[in-house]
Structures are given as C-alpha cells and as structure tokens.
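Should a chain be cited, it is by its letter among A, B, C and D, assigned in written order, with residues numbered from 1 in that chain.
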Amino acid sequence: MIISRIEDYREAARRRLPRFLFDYIDGGAGAEQTLAANIADLAQVRLKQRVLAHVENLSLETEWFGRRVSLPVVLGPVGLTGMFWRRGEAAVARAAAAAGVPYAPSTVSVCAIEEIAAQSAAPLWFQLYVLKDRGFMRSVLERAQEVGVTTLVFTVDLPVIGTRWRDAHSGLAGPFKTERQLFQALGKPAWAWDVGVCGRPHDLGNISHYLGRRTGLEDYLGWINANMDPSIGWSDLEWLRNFWKGPLIIKGVLTPEDARDAARLGAEAIVVSNHGGRQLDGAASTARALPKIRDAIGDDLLIFADSGVRSGVDVLRMLALGAKGVFLGRAQVFALAARGEQGVREMLEMIAQEMRVAMTLTGVSSVEEIDASILDDFQPTS
Amino acid sequence: MIISRIEDYREAARRRLPRFLFDYIDGGAGAEQTLAANIADLAQVRLKQRVLAHVENLSLETEWFGRRVSLPVVLGPVGLTGMFWRRGEAAVARAAAAAGVPYAPSTVSVCAIEEIAAQSAAPLWFQLYVLKDRGFMRSVLERAQEVGVTTLVFTVDLPVIGTRWRDAHSGLAGPFKTERQLFQALGKPAWAWDVGVCGRPHDLGNISHYLGRRTGLEDYLGWINANMDPSIGWSDLEWLRNFWKGPLIIKGVLTPEDARDAARLGAEAIVVSNHGGRQLDGAASTARALPKIRDAIGDDLLIFADSGVRSGVDVLRMLALGAKGVFLGRAQVFALAARGEQGVREMLEMIAQEMRVAMTLTGVSSVEEIDASILDDFQPTS
Amino acid sequence: MIISRIEDYREAARRRLPRFLFDYIDGGAGAEQTLAANIADLAQVRLKQRVLAHVENLSLETEWFGRRVSLPVVLGPVGLTGMFWRRGEAAVARAAAAAGVPYAPSTVSVCAIEEIAAQSAAPLWFQLYVLKDRGFMRSVLERAQEVGVTTLVFTVDLPVIGTRWRDAHSGLAGPFKTERQLFQALGKPAWAWDVGVCGRPHDLGNISHYLGRRTGLEDYLGWINANMDPSIGWSDLEWLRNFWKGPLIIKGVLTPEDARDAARLGAEAIVVSNHGGRQLDGAASTARALPKIRDAIGDDLLIFADSGVRSGVDVLRMLALGAKGVFLGRAQVFALAARGEQGVREMLEMIAQEMRVAMTLTGVSSVEEIDASILDDFQPTS
Amino acid sequence: MIISRIEDYREAARRRLPRFLFDYIDGGAGAEQTLAANIADLAQVRLKQRVLAHVENLSLETEWFGRRVSLPVVLGPVGLTGMFWRRGEAAVARAAAAAGVPYAPSTVSVCAIEEIAAQSAAPLWFQLYVLKDRGFMRSVLERAQEVGVTTLVFTVDLPVIGTRWRDAHSGLAGPFKTERQLFQALGKPAWAWDVGVCGRPHDLGNISHYLGRRTGLEDYLGWINANMDPSIGWSDLEWLRNFWKGPLIIKGVLTPEDARDAARLGAEAIVVSNHGGRQLDGAASTARALPKIRDAIGDDLLIFADSGVRSGVDVLRMLALGAKGVFLGRAQVFALAARGEQGVREMLEMIAQEMRVAMTLTGVSSVEEIDASILDDFQPTS
C-alpha cells in the first residue's frame, strides 16, 4: 500500500486488523456526530498564508514542564494498543523515544507499565482513569513513579463508557462475540500470527499485575464499566494532587468551567478533548471548544488538545486555536496497526514534515510564534 | 440481525414488513423536507459535557399529572399498529406497562380500546382525532373512561391527511393496491403468517365497535379523510374540555400562538409535533419550534415533544430544548415490527441506557435538572 | 409508471423522450448553479403550521386583470412544446381551458397561435420575445389579438441565449446533431410515432407563417440567436406599450431596479424569473429575489414568479414570498411529455390538491390570505 | 469526446494522460480543502441579472501596462507544460498569440524561454520563482529580456513545495516511480508517441541551459525543493526591482498585508492566488481573499486573480470581486493536454463566448464596467 497521509494508515489498518478491532478504533459514540464534527470543524479552520516572511531556522521544538520535545505532539493513551501490533505499547514507546516526543500509555494497556518503560530511555508519561478502587490507583501510580514516569495524564471524561453502537455490529460486544472474533481473526492471518500468536499474553497488564491474576481481554469493557466512578467530584481528587508531585494533566475538558476547576485543583495542564468522539455524542468538536477555553483560562494552565487531528496542518490549526501541544489517538494506532513501530515513526515524521511546510507558508519559524494571528476568520459549520 | 440502535430496528422492520406498510411508517409528506429536518436539526443540538460532576443515584423517573413514570417517554399514537405485529396495540400496551411508561393508542388502532386496556394493568392514555361525527367522539371517550383511560391526547394537526407521495409508489394507495399489497405480503411470509393470518380481524377496532360493523382496512385512508374536520376552531372544543375531566394534551402544536390558545382552552399539556413530518412539508422541525414555544409559554403548560427522536441522546436534547417528556412514534413501531412486545421493551431499555450515559456525561442526575444549561450554543442549519 | 408527484412526470418524460429533447427541457445554463439554487432555496422556505384555524370553504380561485382563475397558476411559455407531444401547444391549451387557468404559449411554439387558439374556448395569453424584426413583432401581435389573446407576456431575459453546456452533449447542438437526434429517436418508438410521424409539421408555427415558408426545426437555436436583440433598452419598448392595449406582463425580472423600470413603462405585471436557471448561471434563485422585489414594488405591479416550482407547497411558498401567481415551466412540459393533455390536467389537479392540504394546514382558506404571515423565518442557504 | 465546457477538457485530459501527470495537474495540497473551496466559493458568487440594459458593441478588450489584450485573461505559468503535449509551452505560446492574450511560461518549463519566444510574434511574459541561486535568476532574466519578454511574474508562494498527498499515489513521487510512470505511459499510447517519443528532450529547458547540462525530469521536484528559498524577505527583492525595468507582478498574495508590501516594493501588480490550492491547504479561497485585498489596496496595484476559474462566468465573478484580469492554470493545460494548441484556442474562445453572454445578461458592455455593482449579496459558505 502506498502511504502518504494518515488516512492511508487507516486504510492499511482496515486491511490488516480483524473487523472488531478496526471498528473499535475507528468508531465513536452514538450516531458519531461528534466524531464527524471533529474532522469537519477542523477542516473549516482557515490559515492565513504569508509570503516572503523570511522563515529561517525553522524549528518544531518546544518545551513543556521544563523539558524540550522535538515536536509539539504527544502519543496519547489508547486502550488495548497491544492488540493492534505485537506488544504494541512497547513498540509505540520505542517510536516515541526515537522521535523525541512523550508517550502516555493507557491504564488499560496490554503491556504493563514496567514492560513499556523497559523499552524506552526517554521519560515516560502515564494515563490514569478515575477508578472506584483507590488501592489500585495508588499502587499503579507508585509503580509508574518507580519506572520513571514523569507526568500524569488523568482522564476524567469516562465516568461511564460512551454508547458505542458499532461494538455489537463489529463483534467486539454482543452475543457470540468470542466466536465472531475468532472467525474474523482467521481472515487476517498476518495479524493472527503477529498479535494473536506471538503477541501474548493478551491481558490488561497493569491490572493483572495488581490483582495478581490474569485479566482476560474478554472482560475489558466489563472491567472498565465496573470500575468507573461517576460519583467522584473535583474535591475527591485532592489526595491525588497531593500524592502526585510531578506535572498533572487533566484530560477530557470541554468547557471553560471545567478548565477553571482543573486550575483550582492545582493541575498544571489540561487536554481539551472529547475522547475522539467516543463519549458524549452531541458534544462540541474540540475545534469549537478550544478557543473558548483558551480565552477563559489564559496562561493559567498549559493547554493540550486532541480529537480529529489527521495531518500536520491539523496540528498547526490546534496550536493556532490555542493549544500548546496536540495528543494523537487514532493517527498513532492506525500507523501502529499498519506498520508497527516503523509506522509510528514514519507517521511522526510525516506530521513534522507537513508542519514544516505549513509553518513556512504561514510565515512562522517556531512553535511559540503560532497563535491566532495565523488564523483567517474561523466559522465552524457543523 | 444485530440490533444496537433504533436505526437497526428500522432495518429489521424493512426486512420483515411488506413494502406498503414499511413505507407507510417510514415516509412523510411531500418532498420529505420536514421529515429530514427533524433528524438533521436534532443532530445539531450540541450538548455540554461536564466532568467530575459527582453524578450519584442517577434516576430517569419523573412525574406528570401527579403520577410517576420510570422514563420521560410516552409511546405515542400510531395508526394501524396492529398491522405491524399480531394485535400490535395490545403488545405495545404490555411493553409500556412493563417499562413503566404511558401508552397512548391511536383512534385508528386495529385493536379496540377495550382489547388494549385488557392487556395492561397500568393506566392507559388515549389519542383522539378531531372528527366530524361528535357522536363517535363522545362514545369513544366514554368507552375510554370506562376502561380506565386517565389522559386524553387530542391530535389537532390532521384536519386533512398530509400529501404523502410514497403511498402510491409503495402500493398503500393507488390503482391495484389490493393486488400489490397481496403480492408484497407473499414475499414476507413471517409477517404474512403472524399478522396476515393470526392477527385478524384487521379492522379499525374503535370504529367498527361504534358503527356496529366491520370497517375494512381498505377504507382506512378514506375513512380518515372523510371524517377529518378542517372547519373546527378552538371554540368548538369547549364541550370536549368540559366533557373530559382528566388531563387533556393537545398534540400537534408548532407555534407559540397555538400553544397559547391551547392554554386558553384549559388544556394541561401540549405535544410540540409536526406529526413526524407527515403533515405539512415545509413546516419547521420540532428542534426549531420547541425553544420558541417554551419561551412563550413558560410553565403554563406541560410541554411534550416528538418527531425525529432516534436515541436516548435525542430524548435528552428535547428535554434540554424545553420539553418535559418525549413521545416516540417510529422508534416504537419499528421496534414492534422487528421483534414485537419484546422489541419495544428492549428499545425502551436502550433509550434508558443511552440516557443514563448521556446524563452522566452532562453532569445531571435527574430528569428535573435537565434544561438549557446542558446545551452548547444551538444553531440549526436546515 | 406510478405518478404521485411532479418529479415522477420528469422520470416518465425521461423514459419517453429522445435524450436531446429531455435534456433540452431539464438542463440549465453553465454549471447549473442557478437551476439547483431554485430548487434548494425554495425547499428552505419554511411554512408556519396553524391548527384549529377554522378553515372553511377553502378556495383556490383568484382574480388577475379582472378575470377569475380557478388556481393561481399560469401554464408558462415553453419553446418547442409541440416536440414533446403531438401538437403539444394545442394539447396544453385544452388542458388549461379545462382547468380554468391561463396558458401563455411561446413565440417559438410548434403550433401557430391560430392553431392553439382554435383548441381553446378560454381566453389565451401569449408570450413574445424582444426581437430584431419589429415587423414580425407587430404582425404576430396583430394575429394574437385577432385570435383573442387577452394578455401579453413579454420576455426580456433573453437578449442572448444562455450558455447551455448540455446541448452539445445531448445532441441538440454540435456536430452530427441530425444523425444523433435520429438515432436517439429510434430508441424511443412511442415518441417517434406520436410526435415524429403524426405530430408534423415540425416547424416554428408563428415564424413560418410570417416568413411565408417552413422554418426547419434545425434552425431553432440559430433563429433565436440571430433574432434576439441585446441593444434594446426600456425606452425602445414604448411603442409596444402603446400598441398593446391589454395587460402587459414583463417576464424575467430579478432586481428591484428592473421591476421599477417595468412599472415606469406602464406594465401591469412582472414575472420574477430566472428563466428556470437557463440564462445567467450565477443569478439568484427566485426564492431569494422575490421578497426584495415585493418589498420594493409594493402593489404597483401584479407580481408573478416562476423557476423551481415542483409542488403545490412550492406554489404556496412563492405566494407567501410575495407573488400573486406562479408560472409553471418544466412541471407543465414534463407532464405533457409523459401523458399529453391528460398529464397536464392531472398535474394541475395534483398541484391544486397539494395546495388545498397545505392551505388547510397553514390555516388559510383563500389565495388572498396567503402572505408572509404564513412564513416561518426564511434563511436561504445556497 | 464532446467538449462544451472546461470540465470536458479535464475529462479528455484524464483519458489521454498517464495518471501521474493527470494527478499532478488535477491535485492539490493536503486534504485538498482549499482546492475544493476555490470552486465552491466561486460558485457562491451571485451575479445580478439586468434586463433591457441596452448592451451594444460589447467588447472584451482591456488594457494592462499600456497594452491592449483581447480578453482579460492570462495563460498562467504551469510547470512541466511540455509534458502534457509535444513541446507544450511552444504550443501554448502560439495559441496565446492567436487569441491576443499574454502567456507567462513557468521557470520550470520544458521548452526554454528562447524556444517559446521563437513561436510567438506577440509580446511574452515570464514567470520566475524565488530561488537560492541568484546567478540563475539574473541569467534567466537577462535571457528573457533578450527574447523580448515584457512583463515579469514573480511567484512568491512557493518557499517550499506544498504537501501533495496524491503524488505518491499517482506515481509522480515515491518508490518505483520510474517503473510506474513507464507502465502508465504504456497504457496511453497516443500520449506516449506524441510526447514521450516526439516531444523530446524532456528536461527543464531554462535550467539545463544555465547549468550547461541536461536536467533530467526525474529531478524536477527535487530541484525545486533544493532551490526554493524560504529565508528570503521583501527587502531581499530590492535588487530584483532595480534589475527588472518592465512591469513586475507579484504572484501568490492572499492577504492585504502582503499586498501592501508588494506595493511598497514598487511592484506594478499582484496575482491574488493560492496557487490553485497546491500550497497551503487550509488557506482561504481566492473568492474570499480577493475583495478584502481589493478594499485594502484600492488602485495602488493592478490586481489579477486565479485559482478555481472554470468558465467565462467565473472570469466575470473574479472581475466583479475586484480583479482586473484572471490567470488560467488548469483550464489552460487541460485544454492543451486534450487537444494541443487547438484546444487552448478553443478554450479561450469558449471563455470569451461565455463572457459575452454573461456580460449581456448583467448589462455591461465593457470590461471596465465590471465591478461590485454586478454582484448580488455574496456570502461564501466553505
């Protein structure tokens, strides 16, 4: 397959993965209106071209929490990454280190945080969900600290799992799911061998470790649903803020009110995110939500954003709308599913190269210069 | 068939029903612009996600006219329901009672109101049209009272039948309709046996009862057309208001002016409805009409809404736009046609579950809390 | 074929006519943007439903120039109508008389005005183009008066023929057109017999009569192009106004400025029209142009409108936007091509019936009552 | 193939060219949003039809830099034109001279400027890129002056090549490109013979001449990338302004700021252009950018525009939005690829004819009269 854009990785992943896994990645909540709006609204963000702008020594580097990164991009948390490529999280960690960008593996990774950290010289981030079992939360955070995790991404937009209509259709959930998944896997021998056979064990590494027994993948959605805690409020997080001394990023903020609460808690940063359109269908696209939050919060928090980013131009758009960095979800795992570690590295280079071109054409030579001044009038339509 | 959303019931119904019946349910008036706008405008209603909102003891219950319901949903009136499943109205009544929501069978039901009431311990509602024959109106209302109907839904948006272009194409109307319907039925043996053979008699139960003779289904559209009365005005309804002591709901209101007239008449409630896009093509979607009516009428009337609701998120949207409850038309009968009483129960549980997720994500734990504060800026586009 | 809407006549015409004729009717100028906007903008005109509005004695009659018509509709001028059905203009004239609406045959009709008038007891209108040859203009007007034409429709939006990209593709124009047309006709035997054989002679009746020799159809577009006169201004029409004593309607007005000039000339009426999207591609839809003209011109002129009307609801929309009557172009000739005189009568009855339903649902019982008060907020999008 | 619009030339070119060349012409940068917006926004520019406007002696002539042209159109610079038709630039030069419009061949033409000039009696324009090698710039400008070039088009929107996702897919770039191009050429024998065999040599004429050796086409994109200079600013161009005494046109301006800088530099004119959507994806369409620049710059500069023009009506739209002339990119080379010099001449006549019709219908008889007064309210939607 010829690959020259992120959409090509998606197509390659579609060919390589059993349907239940591809649709798990690709799909969103409900009628997928927010999923579609993420893409459509971002496409409406018009950039202002400048000519003869004397762009010299263009650099994509930036600094977050006192550390330099080579690209204003984070490889964001994606559950079950180890199912898309043999020991997927380890592969992503290597790619991230090679490219000089942070990786924030998910709580519900296949590889345990220890396995991931072992693959990467670079400092690691780690994503944690709001869970009922505080014992697990403390224990996994201690383990994370032990293996050198610097930064905690705390995801707050999953008090329950979003309604995902595709799951039953694809065979991820519903009757005969085991049989259907097996049958689909038979049709994808390359994946079946690489992941199904060589990529074992297939459990939720972090959780198995804590429980002291294998957590079958079958229980994935069940486990999440059983352990999410909708009754938690901001004040219940004070212990976490006290416990975690490193930078704390609150992921899943869509309103100025919630952003202000994150600042009040003492977080260093937020991710403006609708979880890639996987949680509340009908929620605003992040292209819409971001500028309002930016305006309300000023420089009180470092702002990241994600959801819908599919090119280097999209990264630029998010930065122009007010973010200081961008998380990549599907772009990351489509590239991984298509070509493994190599795919993620190439994908990052693709993003970098597209950014260089777009920055040159908008007349900026550093990430710090990117702001609303490179926007043409923005009018989202979806 | 895998069913994980209301659209799936539609597809299942399409497979099971003869085309003339499927299209009768699915279609709308004229070029179906209002039908499409109902869906499109509702999809544009953006919800505001809130995180860490401390959602505990989430409940879907609410109270109307002094009675509690377990879900802010009414199974609305749909003519000929008994043609979509064997003794369809009776089946819906059982599902409604089991789920704890009201059912308002249509004047032009296949089962007579007595047959429907016999199936359900729960209190029943009943829908009445504006008819030329006041004798019939009084008589059917007396019968309704006798079998325990508590609440009257009085439908006012059908002074004539809307122009439905599909009817002639599908075989519901037009030349050779009997032959075409028979032929179509032959292609759907499951339906033919269940409804065509075992579901008899196929007449308009309430009307046959009154006339003292069988009213063939052939005469359905003809009967309606002959008995609708466009010359009636609000003042002609005073007798009805005096006659009916229970709650009176005026169904089919799309303007603040008409809503105010309903209040003046002494009605307790209205349904903001364009009859599912089946009457005036070119009329506003209810997502557009509802907020204006809400603003004009305040709390003078209990406001229900329908037309275009296809998910639990859509129910939430209608409540956020100003309704206190939502009627389900097609969602109900697609589920019924697909899987009978069981289908309607599952469909209601699906709606309930989707509502729970969406309420958690918008940070509300009771129906009473849902209002415009959970809306992001709303800009209908169709 | 089942026919329950005007779009069905279009499909039936497509099946019956050789492609060069179907595309001649169906197509528009350039990229057909105005053609599409006519339909799309009209679909955006939302009507206000009213209930219990006491609609009694609904009537579609209205009065223009002191004469009553049974429907606020004119069968507008369509060149070459006699090519779509055997002696087409005569057939339309009979249908118009039967339905009680005016017919305004085109200058470039197949049947001469004498043949048309002979078919119709009812008073006839007549359409005239701005032509180089004033002798022809005078002579044809005298003939029109002689056969009892009451009203002159003077079309001013054709100083040149619009750029019609389809013509070369369909075979109406371009190399080998004769051969291609013949070949296409062979594929449509019903048409070939009815029109090709029995419908002769195929010339431009009015022009042959004047020239005293047959004008071959081959020369149709050529003749028009050669005889149109772009150099004419309003002042050059004074002779016409003096010459023609009956009502004069200026057809093809799209701006308030031109409407005011028509009033200044002494015309009684205008047709707000973009010639069905066949002249200036990029011109506004009439749904857009009409309200501005209505506001500017008040009651100084009787306002007609056309372009894009495909249903009784569309007629209502045009009246609500400010017209007192609507011309039908394609609706008329698609019905004619599909089913001859009978088709035109059925089509008019379809329009009438759709109007009755829509008027009842908007709460008006006479054409005079229809105005902007039955509009919901109108926001054209194309 | 029947050709009656520019889109038809595109289809004809698609059939005749190997895919890598067709996609090279047809494609744009990134997700091709700007490419699509060019067309969509232009289609939204509504023209005001005027009737009886007394249009006499209509003329398409205009004057730029003291010279009359017969049509307000320039055949713009398109790299590699000689690959689309045998000695393509020479063919275009002949067509331009015959039609009386300027031609501005590209720096990266196949034919050297000397070969092009030899074909054309008419005065020639010449396009130059901002290049690292000032020696080359001076040398090529001297050569241009020698062969009689009157006007310099200096393109500033290519400090780097835009990200063109199609190139790898089409085979223009990427692995096995040589093999793939060869294979594609085999499938297009007419092209292979005409261009592949008889159209040699296939190098970049101007550059080979300077380097004193053949520059293989393989190096085309590489050469451009290596020689573009993003570090140049406006002040670095003063030597150029001093060096070039004739009219200087800055091509690739999209903002009022850059237009003002061009004026400050002492340029006579600008081309408002986004390079046909080939550079910054996400940049505004020119239909959007043009009026703002027109308003800011007044008559200080002569304004040209391009990007998205596909008809004579589009030319009129650009003039109405504020341009005094229009460059044609794809329209030119699709016509060339389809039918050579003859195609370009026919295409220009098509544009001229469409302009005549549209001018007549908007009531203007000279290019100078065309301005915002022929616009209906303009509201771009993309």
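Following the convention adopted for this analysis, contacts are C-beta pairs under 8 Å (C-beta built on N, C-alpha and C of every residue); 3 or more make two chains touch, one makes a residue touch a chain.
Labels paired with UniProt names: A, B, C, D = Alpha-hydroxy-acid oxidizing enzyme.
Computed from a predicted structure; not experimentally measured.
Q: What chains do subunit A and subunit D have as common neighbours?
A: Chains that touch both subunit A and subunit D, as defined above, do not exist here.
Q: In degrees and to the nearest 5, what turn takes the CA positions of subunit C onto those of subunit D?
A: The superposition gives an angle of 90 degrees.
Q: Which chain maximises the distance between its CA centroid and that of subunit C?
A: A
Q: Interface check for copies subunit A and subunit B. Shared numbers divided by all numbers used: above half gives same, below half gives different; which is it?
A: Mostly different residues: under half of the interface numbers shared.
Q: Please work out the Cα centroid separation of subunit A and subunit B, and write it as a whole number of Å.
A: 42
Q: For subunit B and subunit D, what's the span in angstrom between their mean Cα positions?
A: 59
Q: In subunit B, what residues contact two or more other chains?
A: Answer for subunit B, listing residues that touch two or more other chains: 381.
Q: Would you please name all pairs of chains that touch?
A: Applying the touch rule to all chain pairs gives A-B, A-D, B-C, C-D.
Q: Applying the document's contact rule, which stretches of subunit D touch subunit C when the two form their complex?
A: Residue positions touching the partner: 2-5, 43-56, 58, 310-313, 316-317, 353-354, 356-358, 360-362, 376, 381.
Q: In their complex, what parts of subunit D are in touch with subunit A?
A: 30-31, 33, 130, 156-157, 159-163, 165-169, 174, 230-234, 236-237, 250, 252-255, 257-258, 261, 274, 279-284, 288, 381
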